[in-house]
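These notes are about the structure you will find just below.
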Amino acid sequence: MTDLASLEHDLEAAVESILLIDPHSHINPLSPTAKSLDDLLGYHYFTELAHSVGMSRDALGPEIPPKEVVRGVLRHMERFDNTVQYSWFLHIAREFLGFTRQRIGEADCDALWEAAERVFSRPDWEDEVLRRSNVERIFLTNDFDDPLVGFDTRRYVPCLRTDDLVFHLDKPTVGSRLAEATGIEVGDAYGLRRAIGKLFEHFVSHGAKACAISLPPRFAPMPVSPDALTAALRDPDQSAVRAMGTFWMLAEFCRDFRLPFDLMIGVNRGVYRQGVYQGQDLFDQRTSLILYADLFNGFPEVTFCVSILNSAQSQELVAYAWIFPNVVTSGHWWYANVPAYIETDLRARLQAVPKTKQVGYYSDAYKLEFILPKYAMYRRVLARCLARDFVIERGWSESEAVDLARLLLRDNARRIFHLD
Amino acid sequence: MTDLASLEHDLEAAVESILLIDPHSHINPLSPTAKSLDDLLGYHYFTELAHSVGMSRDALGPEIPPKEVVRGVLRHMERFDNTVQYSWFLHIAREFLGFTRQRIGEADCDALWEAAERVFSRPDWEDEVLRRSNVERIFLTNDFDDPLVGFDTRRYVPCLRTDDLVFHLDKPTVGSRLAEATGIEVGDAYGLRRAIGKLFEHFVSHGAKACAISLPPRFAPMPVSPDALTAALRDPDQSAVRAMGTFWMLAEFCRDFRLPFDLMIGVNRGVYRQGVYQGQDLFDQRTSLILYADLFNGFPEVTFCVSILNSAQSQELVAYAWIFPNVVTSGHWWYANVPAYIETDLRARLQAVPKTKQVGYYSDAYKLEFILPKYAMYRRVLARCLARDFVIERGWSESEAVDLARLLLRDNARRIFHLD
Amino acid sequence: MTDLASLEHDLEAAVESILLIDPHSHINPLSPTAKSLDDLLGYHYFTELAHSVGMSRDALGPEIPPKEVVRGVLRHMERFDNTVQYSWFLHIAREFLGFTRQRIGEADCDALWEAAERVFSRPDWEDEVLRRSNVERIFLTNDFDDPLVGFDTRRYVPCLRTDDLVFHLDKPTVGSRLAEATGIEVGDAYGLRRAIGKLFEHFVSHGAKACAISLPPRFAPMPVSPDALTAALRDPDQSAVRAMGTFWMLAEFCRDFRLPFDLMIGVNRGVYRQGVYQGQDLFDQRTSLILYADLFNGFPEVTFCVSILNSAQSQELVAYAWIFPNVVTSGHWWYANVPAYIETDLRARLQAVPKTKQVGYYSDAYKLEFILPKYAMYRRVLARCLARDFVIERGWSESEAVDLARLLLRDNARRIFHLD
């Protein structure tokens, strides 16, 4: 092993000891771990890749027995065993399911299925996964009408997800869910403000630490007058105005309730119309953070934790976080959550964005088991950047480099989301 | 040599032994090799660079004796001897022309010219170049009215190039060539369909394995009704509708004839109006694969082999190939065919696109001699990515890494283009 | 140290011996060096980062004593000590101020302040900085009404900066400054042409070697007729036409006076409205050099030295400089002046743009002291690229690699700007 490889290895080991805060996930706190192998391989990262290499949607359908779905995904997996997504599953199988080889295929289905049944049913499995993943707190993605009860909000931190409010308020189900959650039938901008105010009160009183939304590439937030918003609430054709007005109102509530606002920018929903569940969304690289200039200017008191889907705008995010006090870089999202993109994006952030303004990573996981392999991937890239650009290039000590990592993996999230 | 350098070297050597299929070139099968040095240095990569550093277009004109054109290019070459394009020529001179030094200049003109005369006139030169380049089959770029006779279509695989049909059908020469090739005077959408059907029959019956087109950055395919297409065929001002309708029709024929459709996305023609032949085209990075969503959705049975000119949308291509079963990444095209861009693009593809959905590389060559240096450049980058991201990072064996390379350089093309 | 590290180190040392020409700065030739620490830490790179991590604008205001401003910036500096901008200041402190540790904080304020007072007041400080920075000539950024007297124009090369003329001619102060400088009250296109002609005469007769401008991402130069320009000069609402017409006229004068035209493309001014002085500008990645096609075609005699703010269009710049004889790559500007971006951009330029068409770097400095750390950063990246992509990959000798560096750092600027 060369000196550099050895240095990277040492840094990676040191960074592994940092107790994580995972500031964005889709964990269900009432069922946080996988119950069967199907809960892992049903993750869209695997179903969409299996479908992409030839598995029909029918073979993934709800009427197929879960074990057969798993068998089908495993059968197709050999065709995408080069991907980093595959390596996450391999990591889980080796770390949690006692798998010892380097390649997984259809022949492993029964053994893995049974290992999963056995392991996942252990009474202390949730605690064990968290302990072995070295994670202390995990942010959730809660529907606005989530009762937020039945779980420890210090371990699972509520986060108000607002896509439905901004983009689907015209759907009857959303309107009635909002009415049920707040007791308010929204008929105009003032009613909407009262209703959203109730949601914020509910969330904050139940330990919520962030508001979050995913946004399409062309979204351009602007303030909307109450009259214009009222008109848009009553006119199904004014979806753009309704979305802008509701979004701006959410930013006002973030300001009033001191909640950071997670902006996940760049996703177009349903692009591949016949895709598998959650495997239909793509992006358009023709987007810019300049669209958010009025928002960032308008809410200096709100911290915006910005994730981007499109690495081509990575330099924009670096520059906006460098200049705007209230803009923070946040993680490596979805299609950008690939080592080649993480490395490029991370190097630039570490070189040009203040270290206190970077939320390094989040798992985006649906089940706790995915936190470990995803963070492992990130830490490896992080260790490489720290070794090359800081210890070697800048003469930092290893412990100084680990201190920087601790900000990214833990301390910035604690401070920015007011976790104590 | 470090362990890493040695590993990369071993992998490169192993990858060199893979018998290539070159899925895109501009080879003329009736005159596949260079006849003189002018056939090499007249390649636009050299004339445009010589012009860029000061050689006048007149000195490249058809009235100048070929050897003097060569002398002029060589005289200017010292000014771009840093470029990878120069290194291709140096590679050819050393490999095929007995050149032994590291730098080529005007003083080498006579010796190289004579060596070329001698070597290129060998009766077995074509076979020798192919053997030394380790290439089995080479796809062509055939005009729609190419008779496709006089050559071995198993060695030189026909490919129907359709730019003229989509973008220049209003030009009298194109219309009359189409009439001559098909016996049909196109007057409406139905006539166009019959004519294009005849072209597909002709091409497929002569061994064509793909349809191909290059497209401008703003092109956005959409279906066009027969009436609208008929109107556009009759109205010179409706070039956009004519192009969309003809393009969509081609996709329908690709579906019906089971031909993959090579999309080469992003070129604006004639941007530098006083540029040399084939040295006038550039791009506009403001483009997106979202423009192709309807096409990819509309033709699930057609495999689209997508090349992009603009590396800024490289992540888009990765994401679209990851999600859409019928989208395949294809090569590294033109301005993106530079090691710095290849490395970035290739790393991400290898990490996130299923290995069966990547056509690794094509030469784009006009003469067989260019296959060797271009593939050598690619294999070197490929070996580096395999060494770092797979053997070292993921613990793959060298032979597993070479198996992955074989898919990219040979087996995927065989399967996708139905070569057997 | 590995062989590669040793090679990089040797190359860096060799490249350091090249006497620099710095083709773009904001140096005031009548006060070229810092007079106090405030002149260094008042640089927008530091004030904007300090503000970004929490320092209020008030604490940076003109009524605050300079030493207290410095103390405040130093107090906040620990929060951005990961950035390369911080490393520039550390480099200055160690190189010029006798600082010996690796980290700078508030506690160092008094000692650094006093060291600066002592060092910066040396009578030969200007010469010493230039000598230790190994720089021979430095281009200025002169207002159009700069008298250009009182300094050695061979050391400090005048450059006509034209943003005011193109974008602010409607402001009364600009109009009256122009009238005062030229004796012409501009009332129409012909008057503007006479006035600008006088400016060019004045500048060229005083040793100016370039014309320069910074441009917003959406700017699209086009010729404007005299009548249309006259109308636009009289109508405050026609700022776009006025800008295009004036800009085109400047290009005509560049042609007539044989001045290269520095285009610094991509900045939106005043995006962060409450930002500190010079810390308010950002960019929009949705831009393209295709917007300049008419300009590049229209002025084949003018060399355009193109800087881009947006690295996502880096490949465009490579391609346009590869094809257009009159397009030259120029430096690494502002938000792209970060090692991670420099390395990506530089590798591609070195591999695909003729070596004679690259102006490698400029300091953009406001005070001479910044030339040293900025060029040191660039040379380090350059040495790495030369080592890997040329000496190792292409078999170049070290001295050949240094010759390439000399073009980028000195000889191309001498030739392109007609410095002898």
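So that you can tell them apart, the chains are marked A, B and C in the order they are listed, and the count of residues begins at 1 in each.
Please note the rule applied: contacts are C-beta pairs under 8 Å (C-beta built on N, C-alpha and C of every residue); 3 or more make two chains touch, one makes a residue touch a chain.
These figures come from a predicted structure and were not determined experimentally.
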Relative orientation of copies subunit A and subunit B, as a Cα rotation angle in degrees, nearest 5: 120
Classification of the subunit B:subunit C interface as same or different, half of numbers criterion: different
For subunit B paired with subunit C, centre-to-centre distance based on mean C-alpha positions, whole Å: 39
Overlap residues in subunit B, where contacts from two or more other chains coincide: 2, 286, 312, 344
In the complex, subunit A residues that touch subunit C: 2-4, 286-290, 293, 296-297, 300, 312-313, 315-316, 318-325, 344, 347-348, 350-357, 389-390, 393-396, 404
Of all residues in subunit A, those that touch subunit B in their complex: 2, 48-49, 51-54, 79-85, 87, 102, 268, 271-275, 279-280, 282-286, 310-312, 335-336, 338-341, 344, 380
